[in-house]
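Worksheet: the structure to be examined is printed underneath.
The letters A, B, C, D and E name the chains in turn, as written, and every chain counts its residues from 1.
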Amino acid sequence: MLSVTGLESGYGRARVLFGVSLEVGAGQLVCVMGRNGVGKTTLLNTVMGVLPAVAGTVTFDGRDVTKLKPHERVRLGMGYVPQGHRCFPQLSVQDNLLVTLEAAKQPKQALDEALDLFPALKPLLKRSAGHLSGGQQQQLAMARALVTRPRMLVLDEPTEGIQPSIILEIEAAIERLHADGLPLLLVEQYLDIALRLADTFAILDGGHVVRTGTAQDLHREDVRRLLAV
Amino acid sequence: MLELRDVQVVFDGFRALDGVNLTVPDGELRFLIGPNGAGKTTLIDVITGLTRPVAGSVRFAGHDLVGRKEHQIVRLGVGRTFQTSVVFEELTVIENLDLAAGFRRPLWTLARRRRGVSEAVAEALARTGLEDLAERSAGVLSHGQRQWLEIGMLLAQRPRLLLLDEPVAGMSKDERERTGELLTRIADDHTVVVVEHDMEFLRRHASTVTVLHEGRVLVEGSVDQVSADPRVQEVYLGRKASDAVGHRP
Amino acid sequence: MIRRNLPFAAVAVIVLVVAPLLLEPFRLSLLAKYLCYAIVALGIGLAWGQAGMLTLGQGVFFGLGGYSMAMHLKLTEGGGLPDFMVWSGVEELPALWVPFGDPVLALATAVLGPMLIAAVLGTLVFRQRVRGAYFAILTQALAAAMVILLVGQQGLTGGTNGMTNFFDVFGQDLADDSTQRGLYLVVASVLGVLYLATRQLVNSRYGRLLVAIRDGEDRVRFLGYDPALVKTVTFALSAGMAGLAGALFVPVVGIISPALLGVVPSLELVVAVAVGGRHALAGAVLGAVVMGYAQTAFSEQFADGWLYLQGALFILVMTLAPKGIIGVAERWRRARTT
Amino acid sequence: MSAFANQLPIGLSIGAVLLLIALGLTFTFGQMGVINMAHGEFIMAGAYTAFLLGDLVPALPAAFLVAGTMGLILERAAIRHFYGRPLDTLLLTWGVSLVLQQLARDLFGAPNVQVPAPAWLSGGVGILPYNRLFIMGLAVAGVVAVWAYLTRTRLGRRTQAVVQNRRLAATSGIDTGRVDMLTFFVGSGLAGVAGVALTLIGPVGPALGTYYIVDAFLVVVAGGLGQLRGAVLAAAGLGLLNSYAEFWSDASLAKVIVLAAVIAFLQVRPQGMFVLRSRALT
Amino acid sequence: MRIPRPIVSAILVLSLAACGSDARPAGDSGDIKVGILHSLSGTMAISEVTVRDAELLAIEEINKAGGVLGKQLVPVVEDGASDWPTFAEKATKLIRQDKVATVFGGWTSASRKAMLPVFERYKALLWYPVQYEGLESSPYIFYTGATTNQQIIPGLDYLKEQGKKRLFLVGSDYVFPRTANKIIKAYAAANGMEILGEEYTPLGHTEYSTLVNKVTQARPDAVFNTLNGDSNVAFFKALKSTGATAESMPVLSVSIAEEEVTGIGVDNVVGQPVAWNYYQTTDTSANKAFVKAYKARYGQDKVTSDPMEAGYNAVYLWAEAVKKAGTTEVEAVRKAAGGIALERPEGLVTIDGESQHLYKTARIGIVQPDGLIKQVWDSGEPIKPDPYLKGYPWAAGLAGQ
């Protein structure tokens, strides 16, 4: 579904990614892992076109999207949940969903579908998104990605800074999406979650993919050393 | 020397720092780590006057820092770098350093042209190894060289306390190594606080590590102590890491 | 050193020796007028080009200098009330005017007055970190307010008419061509001296600090400097230059009026600096002279086209050659030498 | 009513004029950070549209389209290359404003023209003539329309999304370039509407915009960037201040007082009345 | 910082170009060059272009009739750009570079004040065609418009005759309204009239609600209006919308002529009185010919107004003086000019050699629905110009006496 080859990018003169290659097959959940600052978010931002790729290609569903703008990628079916439970703080929850849905030219039912996955949002529709708790904002962020009816979802640390009870809900949602066959590219710092969710993983270090493997491999000591202190 | 007591910072209802206590004694090289959003950069912002805490005190060498302007805090001997390096591209390396060394000069003496290289600048050049690039404009430097220049500018200020925010981010392996050596040497005669994620770097260079999590100090200790602490494992690997894995490195 | 000063010396010879010999008095005094504008432009070049403060209110300072000088000239023309006070019904000299009878005080006010006002304004706004566009808008509003204030106080300032009809300056008959030539030489020398002094300043540590503040004010704070103070001082210097230019302008042109210091003239000078090249002091000076000359030439040939030309020139410079004439010339020179 | 009390509605009506001319700026300056000095000339374009049509009511939408289209062209042709360089846009658009003024002079002649007010606007209530009430009504309608546009329409939501988080908007599938274009269209169009309203109180001439541009920016600066309620309050405040200052002194001094008040106010609140607070500090 | 070589050469070229433009060939010896200096751009262009047209028309007519002293007149037109220093600069250019025999020009007092020292310095001649505030008499300026005792005082006489005793003064903030109002106040004091208020607004001001509030609250019998240009539109619109009419509260204006009426909108000023020396409808044979010639030359929809006629007259009066002097030499022309009397569109005008102003007939007119102005009152005979109001005891101490 998504194929990344030899991707290089960075900020200004600072190069962060040095030739990253990665595959997300149909219905697969790939978890990108690594410590802070190894380039996980940069990778996702480059995949989504927020950062320009200095070298390498991003292919989605057989189409080279490397030169496309972010909104064009979204319209092709790449849903994105960026890091840090981002939302439009002064829009209501409903407007947050609507504005995304409309931009992606999806029918209103998409909204209901997304809310089915996150029923906790239903009573909050009129609230200003900025006034939600971090966990609620994260659910909103995922719901916003879903109303575009993506054919693949890219998630950046969806559980970061979220209270445990909601982490479970988010995990459950991801599992359900995965079970429904949606391909997912997930950046996750927490090993336990990755262990439970991922089909395969890739570990980044210093802007390179240093390990790949199945979820089972994550139990290995050398893999864990790359993630913890 | 640097002492933070019960520092709280709130942004729009979000508690970025929630009662941080931190003491950094003279001459220490302290590493500050923690997952994203733990409040590391906010902590540095509070010390340097960029962010005002809603409660708590920040004292440095007998001075209360809260409420002072940024440049006044610098004049007390506190220097910092930023995550993204901001050197002045139109100035040469030496001019950047000279500027940093110059804040103690009275304003009117600045009207003179710079002649020669002052001791502080020469020292900063030598320490950062940028001598060969001294006359080049900072705009042409590589990312790593810019970071060194930034550290050099800090040295030229002759501060007593250096606060470095992710100094090796975006650097190559060789550059990291050089930066590490540089830091160790600087730490010989300065107090240094470094925010850094790079664990390899941390293991090699850190003596004391403070782990921040969700706006609080979680643990403080040596690298080994900290890596062995289950709470640290938990915040890095996930809350139920110990249950799920049942094994600690 | 000699090599570096050669171009300056060449220009100085042309301006100080060749021009007075070749130009007839009328044209020479026009050139003197452009050089007055060039002094203001030099200040704008310092404040905007070097330190990044876009000041759209230099006319205010120019006007303060001009009015100070005009008041002095009005008081020295053989006793009696200035003519406009007579027809405004003012019966005795307002107290505000009295000090301007003294030439030293008048000149000092012309330069120090603007510096003081700039210092106060600068302290107020820069401390609050009002900058960039906000600063530009505020200074522009200041220019607008200044004009209204001057116009409204007819008995004190001559109102819309401003002040004109001066007879002599420091004992020299203004109608005399030799006085005009002398004034020209004074203006040109002042410009030369100020140019050298400003260049020295720009090349000094202070100049480096200005560039640093322009490109990263917040970073400069963490180098231990107070940008507000540095900016205030710089703004005051540029205001002082504008004030001095205004004081020189009055005897050269023979009139000062609110129309010379409002929003539009202030902006026009900024345009001139941009056209010449804002990053180089020489660009600022060159721009003022070129635009001044172009305005005269155009208004003699096709008056209506002037606004088109000015506007179009500006759009083109901003989009195609943001570094102005100097930038283009440098690129051209570099292309030839490499 | 006493003359003093009369100044209250007068102040509000001055505020309404200020608000109308500043409303468009809350889009272009407030939402997009573009200092468009040609905004005044878009006002002028709106006024000339009313002159050409000779009738107020059809002129309102027409002026919106004319001025909006001019803004659109300006944004596409020039301004979009200047995002993030507010000072350069200021100077660039000033060049544009000079050209537009001269163009108006060549097209319509240097003499002022005037648009006859419709008969149903003659007369008034108390001190406030109908044309003033109409302008106040228009300002209220303008605020409501802008508010409704921003919060109730798809395009408005998109505009808000882009302003609040440009990058997030892009990764939500919003074409931010098109939103910029549209925002500029609406902001400039509102200038056109203000221009039509101004024909009710004064003449139409090539320099029309220059009389209002400084005031308009002051309203936005005092109100806080991109803040609709800030603009409303600032306009009303400045209008009242102007009206009472002029009542007690004269028109010239009133203008100076208003300016001094704005500078003083910015000492207290450098970012205007309302500020978007955010975590992004550096 | 090095100045690049191209810059140096650019400056060189510029300086040379600046002197080059001086080398314009002087006119043929068979021609007489005359300067015309009005604002052709900027805010004043609206008014001044029509005066230029009238002056050019006069030159054409004189040339057609054989010229002056057998020579054709060649106009050199310059643009004052509504900017006073530019007027001074262009006047200098006309005198020193083009060496014109005389200059016709100016409109605002400010432009005249700016030009005055130039003409006095070079002993050249300016013909100034617009009514003004008086208190001036330069040996090198001829004033062909009205001074205060030929416009403002007759206007006050008219109001007094109409029984309007309580006045409100409204003006733009510049020298003419301020001086005029001083005279009005002195006149009022001497004639038992009451001044209820005096208000000034900046030039170009368009926000008149507060001022109109002050006016209506004061309930004057009449308003004396010295507002300039654009402001009149806003003022009359604001005034009209309060329900004030020309009957209940007339507004006597001294700066609104036929040309301005269309700009203000006839419906806003219809029925209001104005004070001038000439209207398009003024019933003289010379005027019929002037209006016909003007319309034929510039278009049937054009109107003629007082300043245009004064500019048109200025050319004829100068030509007459040159004929009388037999030379265009300035001092001779000045000497010859005194006492010249011509039948002009406004009737008989005579140059007062002492003050260099004209004897003119004052006329009050009412704005008609067709935009023209109908005379309702005149002073009967030409009034002797008295720029310092020496002949009016109540004006003693007003200034300059």
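In this section, contacts are C-beta pairs under 8 Å (C-beta built on N, C-alpha and C of every residue); 3 or more make two chains touch, one makes a residue touch a chain.
Each chain and its UniProt protein: A = Urea ABC transporter ATP-binding subunit UrtE; B = Urea ABC transporter ATP-binding protein UrtD; C = Urea ABC transporter permease subunit UrtC; D = Urea ABC transporter permease subunit UrtB; E = Urea ABC transporter substrate-binding protein.
Source: prediction; values computed, not measured.
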### Query
What's the chain with its C-alpha centre farthest out from chain A?
E
### Query
From the centre of chain B, which chain's CA centre is farthest?
E
### Message
Looking only at C-beta pairs that count as contacts, which pair of chains has more of them, C-E or A-B?
### Response
C-E
## Note on the structure
Per CA centroids, the chain at the heart of the structure shown is D
### Task
Using mean C-alpha positions as chain centres, tell me how far chain D is from chain E in Å, no decimals.
37
### Query
Hey, how far is the Cα centre of chain A from the one of chain C, in Å?
57
#### Entry: Separation of mean Cα positions, chain D and chain A [Å, integer]
42
#### Entry: Computed distance of Cα centres, chain E from chain A, in Å
77
### Residue numbers of chain C (touch at least two other chains)
148, 151-152, 203, 218, 304, 307
### Message
Which positions in chain E are in touch with at least two other chains?
### Response
41, 173, 200, 202
### Message
Where in chain B do residues touch two or more of the other chains?
### Response
12, 14, 82
## Note on the structure
Listed in rising order, the residues of chain C that touch chain E in the complex are 4, 7-8, 10-11, 14-15, 18-19, 22-27, 29-31, 33, 84, 86-89, 148, 151-152, 154, 159-162, 164-166, 174-175, 199, 202-203, 253-255, 257, 259-260, 280-282, 286, 289-290, 293, 296-297, 299-300, 303-304, 306-307, 325-326, 329-330, 332-333
### Query
Hey, which residues of chain A end up touching chain B in the complex?
10-16, 35-38, 83-84, 130, 134, 157, 160-161, 164, 167, 189-193, 195-196, 206, 219, 221, 224-225, 227-229
### Query
Quick one: in the complex, what on chain C touches chain D?
54, 121, 124-125, 128-130, 132-134, 136-138, 140-142, 144-145, 148-149, 151-152, 218, 263-264, 267, 270-271, 274, 304, 307-308, 310-315, 318-319, 322
### Message
Considering only the defined contacts, which chain D positions touch chain A in the complex?
### Response
151, 154, 157-158, 160-161, 164-165, 167-176, 276
### Message
Residue numbers of chain D touching chain E in their complex, please.
### Response
2-3, 6-7, 10, 13-14, 17, 105, 110-114, 116-117, 121-124, 127, 129-132, 198, 200-203, 205, 207, 211, 242-243, 246-247, 250-252, 254-255
